[in-house]
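Next up: the structures, one after another.
One chain, subunit A, appears in both complexes that follow, with subunit B as partner in the first and subunit C in the second.
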Partner chain A sequence: MTTANMRRMTPYMFLAPAAAFMIVGLLYPVAYMIYASFLDWNPSQLIGEADWINLRNYVSLLQDASFRESTVVTLKFSSIVVTTEMVVGVGLALLLDRQIRGISVLRTIFILPMMIAPIVVGLMWRYMYHPSVGIFNRTLKDWGLEPIPWLSDSGWALTSIIIADIWQWTPFIFILALAALQSLPRSALEAARIDGASGWQQIIHIKLPLMMPVLVVTLLLRLIDSFKVLEVILVMTNGGPGLSTEILSLRIARTASEFRELGVAAAMSNYLLLLLLALTIIMFVYNKIVEAREAAVRQAAEEA
Partner chain B sequence: MPRIRFDSVKKSYGSVEVLPPFDLQFEDGEFTVLVGPSGCGKSTILRMLAGLEDLTEGEIWFDNTPISKLDPKDRDIAMVFQDYALYPHMNIAKNMSFALRLQKTPKATIDEKVNRVAQMLGIDHLLARKPGELSGGQRQRVAMGRALVRDASTFLFDEPLSNLDAKLRGKMRNELAEMRNTLDKNMVYVTHDQVEAMTLGDRIVVVADGLIQQEGTAEQLFTSPANKFVAGFIGSPTMNFLTAELTEAGGVLKAKGDGFLLDLPTTLKKGAESASGRQVTIGIRPSAFKVASDAPAAGSRIELFVKLSEYLGAQSVLVTMCGAEEVLIEMTSSVRVEEGSTVAFSVLPEDIMVFDESTEVRL
Partner chain C sequence: MNTTYERQNPAFYALIAALVLMSIAPIYLMLSTSFRLNVDIMSETSSLLFFPTMQNYETVLCNVLWYDPGHIDYCDPTFGRALGSSLLVALISTGITLVVGCMAAYALVRFRFMGRGTVSMTTLIMRMVPPAVLLVPVFGIWTFQYQLDGTYAGIILVYVAMNLPFVIWILQSFIVQVPIQLEEAARMDGANALQVFFLVVLPVIKPGLAAASIFTFRIAWNEFLIANALLDRNTRTVPVTIVNSLTEYDIDWGVIMATGMLLAIPPIIFTFVASKQIITGMTAGAVKG
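Take a look at the complex of A and B:
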């Protein structure tokens, strides 16, 4: 092989191991799942024995009230959770972006929830929500108030899991927002102070717009993540009472294990995958736009 | 325009005192330049005036109003930053009108003001662009424009030209000098560049190590510097300093050093008597040397070994050696001096400054 050829091949050789892992670990399962979604497949059968039923799984899902209910629960859960987390996380970052004594300890405490395993988070909140010995109801009782059926009432259960998720994932947005804040150009903020901007006006006119690229990516990451949440809800409510907290990922798990409908579960996963794919593409396109704009800016600066 | 007065202002960061208590006064409508080497505290003075840094002690007065507790926005100031500090997400028109929009100025007035200033600075064709799409010089103008639109009583400049290349810096300096004459504003300008200071300032304040070394016009600073630092800082090429011993012979005070015996000005004699027989530092500007054979026989002769001749066009700078010390000489290029030869120069007594060896104060 000539040196020129060698040189051209080098990057591909370095990429090869990662590519191999991608093919085995990602593309193969996805392809398998797509194939399975066209089958009427029972776990007791080998995949080769299952009947090919074309799009019947997809069509029947669209008419399935439970699936639609799950989708609605998921969308409700994700939108409420992500909106609240963004507001609280960014708000906390704006509050804590200052030099006061013990701030680094405070910041560390704030990001602790994120580091706890989801199963543990689920168990923890289940105990706290316990109707008689949980801390919430005990406290309510001490204050002379009626206990709340946190997880056993279909009206309350979704709220309860939303609270738990906000508790766990607000820190994620907080640390990213804080990092974005701290990398803002100091002098632009000083210029804004001299131009007469109050604290609020600095936030609205300078800080938030400048943080926007980071916030958009954070929002999408969090949105995608919230569609896939499973363990915490599985441990806390297992989707109940009724279907009130049965988000899509939980519905998929139950369809596969309880209802033994592997083909339907695969089709459901593909619907979720399409949704996430759409979100990812939005994120990707946004990044491309930002990059293109920056490149144009750089070019303009170089020409000048 | 208010008169600005610093009254025993002091600044410390924790236990580190960066600016010991000082007084400073800016006259109405004056262009004052704070000049000094990096880290001397000149920017801190400006930032305290802007309200971006707190005072540790003392007070700043605008006429009879104490302002040290006021927010920057209540001080009626506009500032141009070294890195321009434009708002990257707003276009140029929005950048320039930000302060006015915050004040809820009517849109027609804003447009009128922005257009007028933009035209004055020659950036009216850029109003729709974002700062990132502009060159350094254009951004600099926008930063200036943003300050001008404010119509504040006092303008602060924090090394506004130091991010520009040499040619552009010269151009902007001239434009600033013109602007200084047309605008009736207080202007306080911080720079480390003595050329900027000399060309722009009505009054120059030289700062070093947190201390105000001297205040005065460019000419005062150049012709009668208060100490060795000011003498060395103002003027280019920098003043030559030589160690010497004062001797008196025949009623004339002379400076005797390694390879020279120079007459000192008679005006000096009175103040320098105490230093007689003691070590001093003498300072001679590079332009004060004349080739002895060309000059009339006035002044003292000094023989110097010419190490290097730097041709700069009309002027040449000779790097010469006086004993072990380097002496720079500036002269017209029409006088040919051979590198590697020893040449006799003459220096007039009045061109020699004498500084105390330990206090560095001029005698």
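Take a look at the complex of A and C:
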């Protein structure tokens, strides 16, 4: 091989292993799943033996009341969780963005909940929500209040898992927002302070708008991840009582393993995937727009 | 450092104390429960004072201990075995992901070639695929086509593929910052592409590698759903055994909390050792600069 050829081959050589892994372990399975979603297939059959039933899985899902219920639960869960976490996380970041001793220790403590296994997080919260030995009901009893059926009542269960998720993931937003705040141009804040802007005015007119690109990406990342939450809920309630906490990914897992309808589970996965794809594309486009605008500003500055 | 610290008012410190308490309390509760006997856990008086005992840990680890704990009649080897499986799976998949991901990230950053845009777009899209979506195809393909169900190789393949997009994404942002002059100088001295990569680029992006390896390890170590579908009795990982031992009633809280604690310890250690790298990894991509 000549040197020029070597040059040209180099990037492909570096990419080949990753590409191989992703094709075998990710792309092919996803393609396989799309194909499987058109089949009437149960785990005891080979995929070749399953009947092709066109869009019947998709259509019957749309008419399936429990699938619709799961979708509603998922959307409710994700929207409440993400909104609360954004407000609290960004609020805390604005409050704590000061020169204080030990901020790094603080950040270390805040990322602990995210690093621990979701299974373990579910376990901790299930223990705390326990009707008799859990700390919440014990405290309520000590104060002479009625115990709350945290996980056993269909009205409370969703709230309970939302609280657990907020505990686990608010720090994520907080850390990203804090990083964004600390990378803001000092000159803009300085100028505002000299002009006599109050704390609130600085936040609303300067800090938040400048942080916006990061905040939007953070929001979308968190939104996408909130659709992936599964283990915490599985350990705490396993989707119950009834269907009150059965989010989509949990329903996919149950359809596949308990009801043994792989085709239906695949069709459901595709609906979820389409939703996430839409969100990802929004994020991608937004990133591109921001980059383009920054480039334009830079160019204008250079010309001036 | 000679940053001057501002004086804050007491309410500010109270807020911080409350936040720290809120994030640590559940973990502390788990830790303290794991040192209690069931009698203590169930008793009405929830005393802060109790006799810490190692019994729960002895029950869990009975088959890897070098002595025979007196209180156990029958030793259940499930957990000790699962711990071994978990370690093996997590370490190997982290190693492979890191090497492979690094090379791919380097190619994406440093070379302009056909299909570069598509590759990074696919990487981004693959990042969003939830494990639940992979459940059906992975079950089908691994069982019937690859014949890898129940093996370590099978689960490692899934974890590597699952983690690659994220690792590539993180590492790209670190590699961009490596000064190109450094590489050019090495090339002038006659190093080939591989030498430049391994001897010049890799040492410079060590913090990025640390972040990426912690994230990969964490996912492989903590994952439940696919491990549950793929692995059999002999290869099960810790999260699977935890969920299996959860029954509707009559949970042995002391033992299960000890198991949970053992599962939580490695990530907690990483967090304290490398929190700076973790935060950098988390913010990479979202926050530029």
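The rule we apply is simple: the second predicted complex is superposed on the first by the 291 of 304 C-alpha atoms of A that agree within 3 Å, B and C clash if a C-alpha of one lies under 4 Å from a C-alpha of the other, contacts with A are read in each partner's own complex, and residues count from 1 in each chain.
Assume contacts are C-beta pairs under 8 Å (C-beta built on N, C-alpha and C of every residue); 3 or more make two chains touch, one makes a residue touch a chain.
The model shown is predicted, which means the values in this text are computed figures rather than measured ones.
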{"item": "Clash or fit (per the criteria above) of subunit B with subunit C on subunit A", "value": "fit"}
{"item": "Partner touching more residues of subunit A, whether subunit B or subunit C", "value": "C"}
{"item": "Which of subunit B and subunit C A:191 touches, first, second, both or neither", "value": "first"}
{"item": "Angle at subunit A between subunit B and subunit C, C-alpha centres, nearest 10 degrees", "value": "90"}
{"item": "First (subunit B), second (subunit C), both or neither touched by A:94", "value": "neither"}
{"item": "First, second, both or neither for A:86, with subunit B first and subunit C second", "value": "neither"}
{"item": "Contacts of A:206 with subunit B and subunit C, given as first, second, both or neither", "value": "first"}
{"item": "Touching partner for A:296 - first (subunit B), second (subunit C), both, neither", "value": "first"}
{"item": "Distance of closest approach, subunit C and subunit B, by C-alpha atoms in Å", "value": "7"}
{"item": "Contact residues common to both interfaces of subunit A (with subunit B and with subunit C)", "value": "none"}
{"item": "Of subunit C, residues touching subunit A in the complex", "value": "3-6, 8, 12, 15-16, 19-20, 22-24, 26-27, 29-30, 33, 41-42, 46, 96, 99-101, 103-104, 106-108, 110-111, 113, 119, 121-122, 124-141, 144, 157-158, 160-162, 164-165, 168, 193, 197, 218, 221-222, 224-225, 229, 239, 242-243, 246, 253, 256-257, 260, 263-264, 267-268, 270-272, 275-276, 278-279, 282-283, 285-289"}
{"item": "Contacting residues of subunit A [partner subunit B, same complex]", "value": "185, 187-188, 190-198, 201, 205-206, 209-210, 212, 294, 296-297, 300-301, 304"}
{"item": "Interfacial residue positions of subunit B with respect to subunit A in the complex", "value": "50-52, 71-73, 77-79, 81-89, 98-99, 102-103, 130, 132-138, 146, 150"}
{"item": "For the subunit A and subunit C complex, residues of the former touching the latter", "value": "8, 10-15, 17-19, 21-22, 24-30, 32-33, 36, 43, 46-47, 92, 95-96, 98-101, 104, 106-113, 115-121, 123-125, 127-128, 132-133, 135, 138, 167, 171-172, 175-176, 179-180, 183, 214, 217-218, 221, 224, 227-228, 230-231, 234-235, 248-250, 252-253, 256-257, 262, 265-266, 269, 272-273, 276-277, 279-280, 284"}
